[in-house]
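These are the structures, in C-alpha cells.
Below, chain A partners chain B and then partners chain C, in two separate complexes.
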Partner chain A sequence: MINLSDIPPKGGSPFILPMAAFLVLLVAAPFLVARFGLYHYLAIEIAIWIIFAMGFNLLFGYTGLHSFGHGAYLGIGAYAFGLFQHNVSISLWGGLGAALLAAMVAGGFVALFLSHRRGIYFALLSIAFGQIFWFSSIKLHRITGGEDGLLGIPRPPLQIGDATLALADNRIFYGFVAALAALVVIGLWRVVNSPFGRVLQAIRQNEMRARFVGYDVWRWKWLAFTISATFAGLAGALLAMAQNSAYPDVMSLHQSGLVVMMVLVGGGLVNFWGPILGVLLYFLAREVLGGLTETWLLWYGLMFVVMVMVRPEGLAGLIGTARRREAPVPPARIVETTP
Partner chain B sequence: MQSILPHLINGLTLGLLFALIALGFTLIVGVMEVINLAHGSLFALGAYFALTTISGGPLATSEFGQWWLTFPLGTRYAVAALVGPLLAGLVGALLEVCLRPTYGKASLYGLLLTFGAALVLEESIRLAWGAGEQNLRTPGAITGAMLIGGMIFSTYKVYAAGFAILAILCVWLFLEKTPYGAIIKAGAHDSEMVRALGYDLGRLRLFVFGFGAALAGLAGIVMAPIWGLRPHIGLDVVIPAFLIIVIGGVGSFWGAVIASLLVGLSVGLTGAFVPAWSMVSMYILLILIVGFRARGLLGRKSALEN
Partner chain C sequence: MTLFQATGLQKRFGARVVLENITLGIEEGTVHGIMGPNGAGKTTCFHLLTGHHAPDAGSIVFAGRNIAGLPPHRIARLGIARSFQIMNLFDDTVVIENVLLALPAFKAQTGRIFGNGFADRTLIDAALAVLDMVGLADSAWSKTKSLSYGNRRALEIAVALAAEPRIVFLDEPTSGLGVEATRALAALIRRLRTRYTICLIEHDMRFLFGLADRISVIHWGQVITEGTPAELMANKWVARSSLREAV
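This part shows the complex of A and B:
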C-alpha cells in the first residue's frame, strides 16, 4: 500500500496542478451546483466540511492519530460563535476569534490526556471526551439551549477596514466560506510539507523511532491535535453562520464517525487531496442516492464496508494506483514498520 | 445509609447487565483484537429477531403462524430466546468473513469496517422493522414487582440480574474448563502457535465471532424490556461496552466484570443524586482510570496499542 510519505518533498509550493484544479472547482462550485439542479446551500455545506475534513486529516492521515470524537470541536466552534454573538457583540471577526480560541483551548486540554496514548486507546479516549462534550451540550440547557439547539445566531457582515459586505445572501456567504477554504487548504499544504509536517509523518510511521531521533513526540502529538481541533472550530463557526443556529447533533459519535468515513473513503490516508474527494463523494451520494431512496445511508455504509475490505487506501489511492501502473516503479523508499 | 442502599443495589444490577452486554465484546476483543463497533447493532438484531419470533412475523397469518400463536407466551418467549441469538450469531459470522481482509493490517481497519457494518445493520433494522419504538413482551411470570427485605424490586430486573450472573459463570466455565475454551484462550495469546499445532485458525475466529455476536443478541433480548427497542439503540449500547473493556483492560475477563460493576455503580449512584448527568459519570470514570493506568485495571499488552 502506498502512503502519504511517498509524496516527495517539494517544499510545499502551492503552485501545483491539483491546487489550481481545486481553486477552479471552488470558484465554479456555485455554477455547477445550480447546473445540476441542486440548491445553493449545498456548496456552502461542502466548503465547510472541506475545512473540517482537511484539518482533521492533519491528525488522522498525517500523524496517524485516529480520533473518533472530532465532531466535538466542530460543535464547540459553533456554540462559541453563537454565544459570542448573543452575549458579547455582533461581530464576525470577534465570533470567529472566539470559535477558534474555544476549540483550541478545548482541543489543547483534551490533547493533554490524549498525547500520551496510541492506537486503540487513543481512539477510545477521544470518543470518551467527544461524548462528554456532546452530553454537556445537551444537558447545559441554559447555555446551549439543550437539544433544541442555540437558535437565532446572526450572520454578521464582513468588515475589512471601512468596507462592509453583508453576508446574509447565500451566494455572497459562499464566496466568504470558499475564500476561507482556499486559505485553509493552501495553509495546510504548506504545513504538511514543512519540517513540522515531516515530523508528524515520522511519528505516524514509527513513534518510537521518532522519539529516538530526538523529537519530543508527546509535544508534537499535542500540537497536531490542538491545531486540528482549531480548524474544526473554524468550520463550526461557519456552520453556525450557515445554519443561523448550533445543534448538539454535530458533536455526536455518529457525526464524528462520518468525518472519519469521508476522509477514509476519499483516501486521506494516502493523499493530501483525499478528504476533499471524500467530502464531495459523501454529499453527492447524499443528494443523488438520497433523492432515489430514503435508506441511502444503508448503501453508503455498504460502499464504505466494501471499500475498507478491498481498497482501504480509498478513492485517491485508486487513482494513484492507476497512475502508478503507467509510470515506472519509483526507486526504493523507506519501508513503513509498525513498532 | 437506609436511603443509599437501594441505589447501591440498583447500580450493582445495572453493572451485572452491563457485564452481560460486554461479555461477547470482550471475547471478540481478547481473541481477535478487533473492536467490534457493530456489537450494539447485533444486540439490537437479537432482540428484533426475538420480537418477530414471538409475534410470528410475516408468517403470522399463515397456517403455521396460527398454529404457532396457539402456544402460550412463555413457550414462544423461550424459543425466541434461542432463535434471536442464533440468528445474530449467523450475522456475526458473516461479519467475520467480511473482516478477513483486514487481519494483519492496522487495528484501525477492523474498527472502521465494523463501524460501517453498524451503520448498515442499523439502517437494515429501520427498513425491516420501522423506525418507531417497539416492545418485547415478556411472560407474566417474570413481570410485576416483588418485595425483598422490605424493598420493592421489579421482578424482571431481579431475573435479568440473576441471568447475567449465570451467563457470566457459564462463559467463564466454558473458557476455563473446556478444551474449546483452552483453544480460544491460546488463540488470543499466540495465534501463530495455535496454527502451528494444527488448529484451523480461520474456523476458530469464525466461531468466536459468531459466539460473541450470539451473546450480544442474548443480551439484547434480556435488555430490551428494560431499555425499550429502537433502531439506534446499538450506539447507546456499544459505547458502555467498550468503556467497560477499556476500564477493565483489553482481554481480561474478570477485569471486564469488575469494570461493569464499577460503571453500573457510578451510573446508579450519580443517577440518584444528579440524574441528568448520570451517563457522563462513566466517561469521567474512564478518563480517571485510564489516565492513571493506561492498560485499564487488569489489562495486558495488546497489539491494539500500536
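This part shows the complex of A and C:
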C-alpha cells in the first residue's frame, strides 16, 4: 500500500522522474491537444485546475482536513483579479497580488472558525462558509455584478523589466499559466517534504500525539487552510483571465465538490501526483466522453462510484499496485508467534 | 527538590466528580509511582497533569511555574513528556519520524517551509540515538505499523524521551506486555532514571514496587496514602486491600 507519508527516495529533491515527466507533459500539452484535435483553451483549463487541486491537496490529503467549500477561494481570487483591473489599474502582477491577498485573507478568516474542528464538523462548516461566499457573490450586485458576473476582465500583458508580452493569444497565455503551474508543483513538492510539511502530515496521522509532542495544532491547521486557500486564489485569478470574466458559478458547491472528486479519483490521498492525474482524467473524460454522449457526467459519476468501491486509493493507487506487481516478491516475513 | 507539585486537584465531568482532591509532589531525579484500583481516577489524574484536561480547582506547579490549564503543546514545550496507555503513534510513517518530530532541534526547523528534514544528518543521528536508548535503532526505517506490540510500547517511550523532557509521565507502560517484555521495560526504566524524573501509573505491583522511590495510592478520586514501597507494605490501608497479596 503506497502512502502519502512515505519518505521519497531522494528526499525533497525535485530532480525526480515523475517531476521530469510532469514538466515534459506541461511543455508538450499545446502540441498534444492540437494533435488530438482539441483546442488550446483545454490545456489552459487543465493547468489552472492543476494549481487549484494541488494546493487543495495540501489541506485535503496531507493535513487530512476535508474542506468541501474550496470553490469559494477560487471565486474570490477570480473576483479580486477582475475588480482590481476594473477599479485600480490594468496590471497583471497587481491583479495576481490582489487575488492572492484576497483569498489569503478570506481563507485566514474562515480558518479562525474551522481550526478547532475535525472530521464531519470541519467539513460542514467549510461548506457553510463556502455557501456564504457564493451567496454574497450573487447578492452583492453592485460589486460582483450579481448573477451576470463580472464581465470584460482583460488579460493584462506580462511585463518583466522593459520587455512586454501580450497574453491575449491562448497559446502564449498557456505558456504563462504552465510556468506558474510548474512553479506551484515544484514548490509544493518541497513543502510537503520539508519539516513544515512533515508536521502537517503528523497532524493528519494523529492530532493528539502531535499536540503532546509540542505542536500547536490549531495554528498549523490554520496555516494549512490559509495557504491552500491562497493557491486557490491564484488559480481563480488565472481562471478570470482565461474566461475574461468571473461568475458566481465558480464559487458554487458544485465546483467545490468537483475538486474533491478529482483529488479522490486521482489518488491524492495516497500520492503527491494524485490530484494531477485526477484533473487530467476529468478533463479527458469531459472531452472524450463528452464528444460521444451528452450524459458523460453520468458515466464519469459511475466511474467515480466504482473507483471509490473497488480502489479507494484512486488512480495513483492503481498505478502503485501495478508497479509493485512487476517488482520481485519480497521474502516472506518472519511471523512472530506469541505463546 | 520538588520538581512537580500538584495541590488540591479537582475534576468533574458533568455531575460526576472524578477527582476529589489530588495532592502529590514529585522530587527531581526520582521514580514516582501512581497506583490504585480500576476507575480510581489514575488516568484522569495524568490527563490533568499533562494538560489534556484543565482541572476545575487546584494548582500544578512545575519548576516554579503554575501550569494548570495551559494547553498540552505549551506544557510539552516546558519539558513535560508523556506516553499513552492506548498507543498513540504516527502510524503512516517510519519509526524514526515519530522520534524526529519530537526532537527540539527538529521543532526549531519547522518554520523552514522549503527545508528538508530527512537530509539533515545531525537530526537523523539525534533521532537514532534516542531509538538506541530503547533498543529500536535497528528498526528505525521500518514502517511504524509493522512494529510488534512490545516495540510499539518502547517507541511510545522513545517519543516521550525525544522531547528532551525534564519529567516523563508513563501511563501503564507494561499494559499488554508479556513477562519477558516487562522485564526488558523495567531494565530500560532503571537505565533512564539516572537521566530523567519519571512518573508512572502501573497496575503491575511487582513491577512498580521494584522501581519506584515513592508511590501515591489513588482511590475514590483522592490520594489515600503515599510513601516508599517499604512504608506502603506496612500501611494498614494497603495491607487490607488486595494490593498486598499481589506483591
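Note that the second predicted complex is superposed on the first by the 318 of 339 C-alpha atoms of A that agree within 3 Å, B and C clash if a C-alpha of one lies under 4 Å from a C-alpha of the other, contacts with A are read in each partner's own complex, and residues count from 1 in each chain.
The rule is short, and it goes like this: a contact is a pair of C-beta atoms (placed from the backbone, for glycine too) under 8 Å apart; a residue touches a chain by one contact, two chains touch by 3 or more.
Quick caveat: nothing in here was measured; it's all calculated off a predicted structure.
In the superposed pair of complexes, A:Gln131 makes contact with chain B only, with no contact to chain C.
Contacts of A:Phe304 after superposition on the shared chain: chain B is touched, whereas chain C is not. In the superposition on chain A, contact is made by A:Val213 with chain C only, not with chain B.
Of the two partner chains placed around the shared chain by superposition, neither chain B nor chain C is touched by A:Val88. In the superposition on chain A, A:Val24 makes contact with neither chain B nor chain C. Once chain A of one complex is fitted onto chain A of the other, the partner contacts of A:Ala34 are absent, as it touches neither chain B nor chain C. Within chain A, the residues touching chain B in one complex and chain C in the other are 338-339.
Contacts from chain C toward chain A in the complex involve residues 50, 52, 71-74, 76-77, 81-82, 84, 88-94, 97, 100-102, 106-107, 109-119, 148, 159, 163, 178.
Residues 35, 98, 101-102, 105-109, 111-113, 115-117, 119-120, 123-124, 126-127, 235, 239, 242-243, 246, 250, 276-277, 279-280, 283-284, 286-287, 290-291, 294, 302, 304-306 of chain B are the ones that touch chain A when the two sit in their complex.
Residues 66, 113, 116-121, 123-125, 127-129, 131-132, 135-136, 139, 253-254, 257, 260-261, 264, 295, 297-298, 300-302, 304-305, 308-310, 312, 338-339 of chain A touch chain B in their complex.
Residues 3-7, 11-13, 187, 190-191, 193-199, 201-202, 204-206, 208-217, 336, 338-339 of chain A are the ones touching chain C in the complex.
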